[in-house]
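Input: structures, listed below.
You will see chain A twice below: alongside chain B first, and alongside chain C after that.
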Partner chain A sequence: MVLNYLANIGRFVPEITLIVTMVGLIFVEATYGDEEKGSSKGYLYATAYLGLLFTLVKLIGSLGDAPIAIYSNSLVIDPFSTMIKIIMVIGTAACIHLSRRSSDVYENLKGEFAIIAVGVLIGGMLLASANNMLTLYIGIETLSILSYVLASLKKNDDRSSEAGLKYALFGGISAGIMLFGMSHIFGVTGTIQFAGMLDKLKDLDTVQIAILMPSFLMFFAGIGYKIACVPFHMWAPDVYEGSPLPVTTFFSIVPKMAGMAVLLRVTMVFFSGDQNVLQMSWIATLSVVAALTMTVGNVSAIGQRSVKRMLAFSSISHAGMMMMGVLCISEIGTRAIVFYGITYLFMTLVAFYITSFVQDAYGNDHFERFNGLIHKHPLMAIFMLITMFSLSGLPPLSGFIAKFNIFSALIDKNYYVLAIIAGLNSVVALYYYLKIVKLMVFKDPESDEKIKGFGFTNQLVITALTVPVVMLGIFWDQVLVMANGAKIFIVQ
Partner chain B sequence: MVSLPSFLFVSFILFLAGIVVMIARKNVIAILLGIELILNAAALNFVAYTRFINNNLEGHIIALFIIVIAAAEAAVGLAIVIRFYQIRESIHIDDATQLQS
Partner chain C sequence: MSGTSNLLNWILWMPILGVLGILVIPKAKAGVVRLWSLANTFITLGLTVKLWMGFDNALSGMQDAFTIKMPWIKQFHINYHLAVDGISMPMIILTSLLFFLCVLCSWKISKQVRGYYALLLFLQSAVYGVFLSMDFFLFYVYWEVMLIPMFFLIGIWGGENREYAAVKFFLYTFFGSILMLVGMIALYHATGGEADSFSLLALREHADKFIGMNVSLFGFDVPFDKLFFVFMFIGFAIKVPVFPFHTWLPHAHVQAPTAISVILAGVLLKMGTYGFLRIAFPIFPGATVYFSECIAVLGLINIIYGAFCAMAQTDVKKLIAYSSVSHMGFVMLGMAAMTSQGLNGAVLQMFNHGTSTAMMFLLIGILYERSHHRWIVRPDGSKGFGGLYTQLPVYSIVFIIAMFASMGLPGLSGFISEALIFLGIYSKYTTMTVIALLGLLIGAAYLLWMFKRMFFGEVVEECKSYEDMNAREIFYMTPLCVAVIVFGIWPSPILNIMKGSVNSLVVLLAKYQ
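On to the complex of A and B.
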């Protein structure tokens, strides 16, 4: 028994590394005196980057390994979860770098950001490979509880503490509702394991179905809250706006990808079998929610003054787009989501990085601050332009290929109405993304004041993040092959 | 002997009470209490189902985890409420109005 557990530890190394990193970070942080400035804590950042780099190398190395369920089927390590984990690790590392140079995070709290971000990442990784309800619940709570702290990181700012409060209340409510739904699913199926769930959901009598239907809706509420889909999105714009900018960046990548991964896994494990009432109602729910999420996200993004809030709404609409891949319940859908996740990661990072530079230089992130950026910082403006084109899904950039994949998954299953809704939404999205481009290129700058701190290192980082946005649009076939390998392993 | 439906009824009442508290009360502390009620309803369900339907330990273990995680969540929630109180000098949810578009 014990030997079985030890034998599986090899597949669990990335998570263990991160736990060690987090504890190490706490110790390193404690060695610094109070007067030390946050951004000059070299050892702290070295520890964080080393831990994340080792995790990343380990994850990439295990991409080709055979899928396996470890620790009494509680976790499943398959190529899909590994890909999602890679996306989340890169996102975390980039956010830690952003937090180091952003003035939106207090100097004495920069160390805390790194520690808590790694903690959230651990929760996200648990969630991405959760294979029973207990791991799912622990993963969601690890992710959420630490996120509440991150949202209120700017602790003397009333907006930030309000964001944390709203996040904590909404999070607690939805976790409770999810758990209540879970308890009834457990009661009807008699197990918390996902393994073999397909058979248990096959032959049910009317009473059982009557119990399961609302239970699955409640279960969906908990996951839907994490990916901020309508109608559980009310917290998202407020929290995204109130939190410091690096935290917003972090929220729009790690919890969202983790939630998407678990939603896809739950859908595949519970409903990939023959047609039945439960499956049909689940797909119907997902379709309505996905269409609403996209539309509400895009329409609300139009009237915003703050670029950060606009990007928050745009990330809601991207979540809706990814959900369209989930409801296909097919391998093409899975592949499309993994590809979408990769491109979404880089596009979001570039957009938020540049917004962060502008906000630090001019005090706020309103649209007018981008006026005439191309005259002051051509490189930055061109990168922003590329990213905005890519986010709106114009060819030949990566955003287009990502959307195209989702469309092909939808057409493959004959969901034409959803495809049309998604297409119309892309047109709406074009409007507000191109608004920034228009301001940057055709308006005169408000002042000649240049942005400080856009030095060589930061130019290098932004370039490194923009290159994939372009390259994935041109050399997409290799990445698609890689995403195609990321199949979900359903334990029988 | 008390039967399974009675347990389910009690937990459903707890759940409803939690939802009502969260909707009706404007005090943040009361809302946190409502969340605890919902979590306890779920824990009670898990234990009851384990006792009457399947006799393995899964439900008991999940109930233990719920207790621990609920405590952690309440701790973080209260810390944030204290921060909010120090800044705004109120724990009324209607005073959280800075972030509305």
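On to the complex of A and C.
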């Protein structure tokens, strides 16, 4: 037994590295942290970057390894989870870098941001690998509880505190509902292992189905809350707006991808078999929720004044788009989601990075602050413009290819109506993305004041993030092969 | 499969080389930017002429010598596949010519010259991409990419209400292309996702298979080919624009700068009809035949409705914009005939409308540079122009040529194509032919009425200070004048190019009638 555990550690190194990094960060902050001087920052970020870099290298190295279930089947390390973890690690690193540059995170709290972000990442990684109900729940809670703290990071700001409280309340309730659903699933199947449940789900009588149907709905509520899909999205806009900008960026990447990964895994594990009533009702639920999520997210984004809030709504609609890939329950669907995740990561980062520097320079992130950006910072404005076009799904940018893949998965399963709904939604989305483009290009700048945030390093970082946004739209063959390799391993 | 010549690559990427060059030129050197763009478009024009020289009129399919095919995305069997045939060749000639002239006619633009020419050349490359792509995915990419430079060209260099026009144009076309995207992916999966599933040429082979298939939509079984024909139809119809999808056009035209109006009316509208001929018709021949009457009726509505709308306009640019709607109706009508004369007439009309309407827009641009308004009758009821004939004799003569060509007067290019269309349609839809002929009459009426109000009568005071066309303007009007007159008397150079390809399409469609 003990040997078995030790043998498995090899596949668990990324997570362990992150735990060590997190503890190390706490020590660094405690030892060198000095509110006056802020002298600990160098060590702190060095530790964080090193830890994340090591994790990333480890993850990329293990992409080709055979899938395996470790620790009594509680975790499964397969190419799919590794891929999602890579996305989340890059996202976390970029967000920590952003928090370092952003004035939206108070100087004395930057250390805390890094520590908690790594903590959330650990939760997300557990979630991506979860192979039984317990790991899933622990993952979700680790992710959530730390997120509540992140949301209220601006301690003195009313809106930030409100965001934290709202997040915690919603999160607590949905976790409770989810647990309730899980307990019923456990009651019917008698196991918490996904592998064991799979056998039980094969032959069910009517009563059991009658119990399982609402239970799965409740189970879905918990996951749905994490990815902020309608009707569990109510918290998202306020939380996204109230939180400091780097936190918003973080929220729209890491918890979302983790939630999407677990939703996909649950769907693939439980419902990829023969057609039955449970499967059909699950697909129906997902279809309605996905369509609603996209539509509500997009329609609400139109009227926003704050770019951050607009991006928050747009990230809700992107979650809806990714869910369309989930409900296909096919390998093409999985591949599409992985591809979508990769492109979504870069697009979101570029958009939030630029918004962050604009906000720091002009005090807020209202649309008007983008006026005439192209006259002041042509390169940055062009990157923002590319990202906006990519987010709305215009070729030859990566956002289009991501959408193309999702459409392909939908039509492969003959879900034409959903494809059309998704298509019409991207027209709506184009409208509000164009709004920023319009302001940046057509309007004259409000003031001549340059944006200090666009220093050389930051421009370099933003350039590095924009390159994939363009390149993945043109040379996506190899990336698709990679995404194709990210298969979900179903433990029998 | 690839041919021996790399010419299509050169044509497609030459404008992009131009863009890169512009980015290197310093901001202050506006003159260099203009000359560079002129040289670039001239080289492309030269390459097009070379392509025309090498074009084999006897071939009815693709010109194999020029075909370029390379794998792009192996996972989806998407190829970088460029080829040219008799339907796209006239469009390529038109594009090369009009962009060259547009560089000349935008000489006076002084706002962000670099950006303007870079976007113009970028647009040119995208337009070539649409006409040259024989892979549906590649086609779609270019179809959409083209929107981006158009959006900025209208939005930055346009008139007062330019932002609204730019956004409306963008959203409308994007809506259409989304439906096309769904159709494209459906076709891919319907063919089994095998090799060449995105190839526009290979998809034709599956036409019979599509006819038998059904799609379940909300529990109803809908015939596959009819459903996706409609999707494609809407996508292309917005571009043409076919009534009732035409409402973006007048805004875009009125707000766009002259050169962009020329491109929009001269080339971009043809993309819609080209899309029908390249994609919707050959891939869904059954549905095409099934819906042919609808297409004819829509074409007819375009003709009559566009003509009446044009008559009501007091802004001369809007008038010409609506006349485009009317003229594109003839193209639709010719296509709906599905006879040899009808389709040949339609393609010829695409080319001829490109030259004649480009002339009209260029002339209005010339006038606008002098008057800074375009009112035939100002909103307060006073005359905007009057007696121009005595003031601007050269201008008036060129205007008369353009107007008569647009009207379809015998001896000028518009007549040949319209006559062919009527010949083609008459045997099929006799009543419609008669009504469409009435449209021709209304067309003559609004154009002559406009001419009377602007060029005859008392000279309006401010018109006295206008100068006649200068050498540059005469220079860029000349090729179009020559084209309009020469192809009016001797249309065979263009007809010979297209005949083979168009007739093979007619044969294909005839099987399903």
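Note that the second predicted complex is superposed on the first by the 484 of 492 C-alpha atoms of A that agree within 3 Å, B and C clash if a C-alpha of one lies under 4 Å from a C-alpha of the other, contacts with A are read in each partner's own complex, and residues count from 1 in each chain.
In this section, a residue touches a chain if its C-beta (ideal position, glycine included) is under 8 Å from a C-beta of that chain, and two chains touch if they have at least 3 such contacts.
Fair warning: this is a prediction, and the values are worked out from it, not measured in the lab.
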item	value
Touched partner set for A:242, first chain B, second chain C, both or neither	first
Chain B versus chain C as contact partner of A:5, first or second or both or neither	neither
First (chain B), second (chain C), both or neither touched by A:182	first
Chain B versus chain C as contact partner of A:480, first or second or both or neither	second
First, second, both or neither for A:424, with chain B first and chain C second	second
When both partners are placed on the shared chain, which of chain B and chain C touches more of chain A	B
Chain B versus chain C as contact partner of A:396, first or second or both or neither	second
Residue numbers on chain C that touch chain A, as the complex places them	72-76, 140-141, 144-145, 147-148, 151-152, 155-156, 162-163, 166-167, 170-171, 174-175, 178-179, 181-182, 185-186, 188-189, 215-218
List of chain A residues in touch with chain C within their complex	389, 394-396, 400, 404, 407-408, 411-412, 414, 416-417, 419-420, 423-424, 426-427, 430-431, 434, 437-438, 441-442, 476-477, 480-481, 484
Touching residues on chain B, where the partner in the complex is chain A	11, 15, 18, 22, 28, 31-32, 34-35, 38-39, 41-43, 45-46, 49, 53-54, 58-59, 61-62, 65-66, 69, 72-73, 76-77, 80-81, 83-84, 87-88, 93, 96, 98-101
Chain B contact footprint on chain A (complex, rising order)	133-134, 137-138, 141, 144-145, 148-149, 152, 155-156, 158-159, 161-166, 168-169, 172-173, 175-177, 179-180, 182-184, 186-187, 190-192, 237-238, 241-242, 304, 309
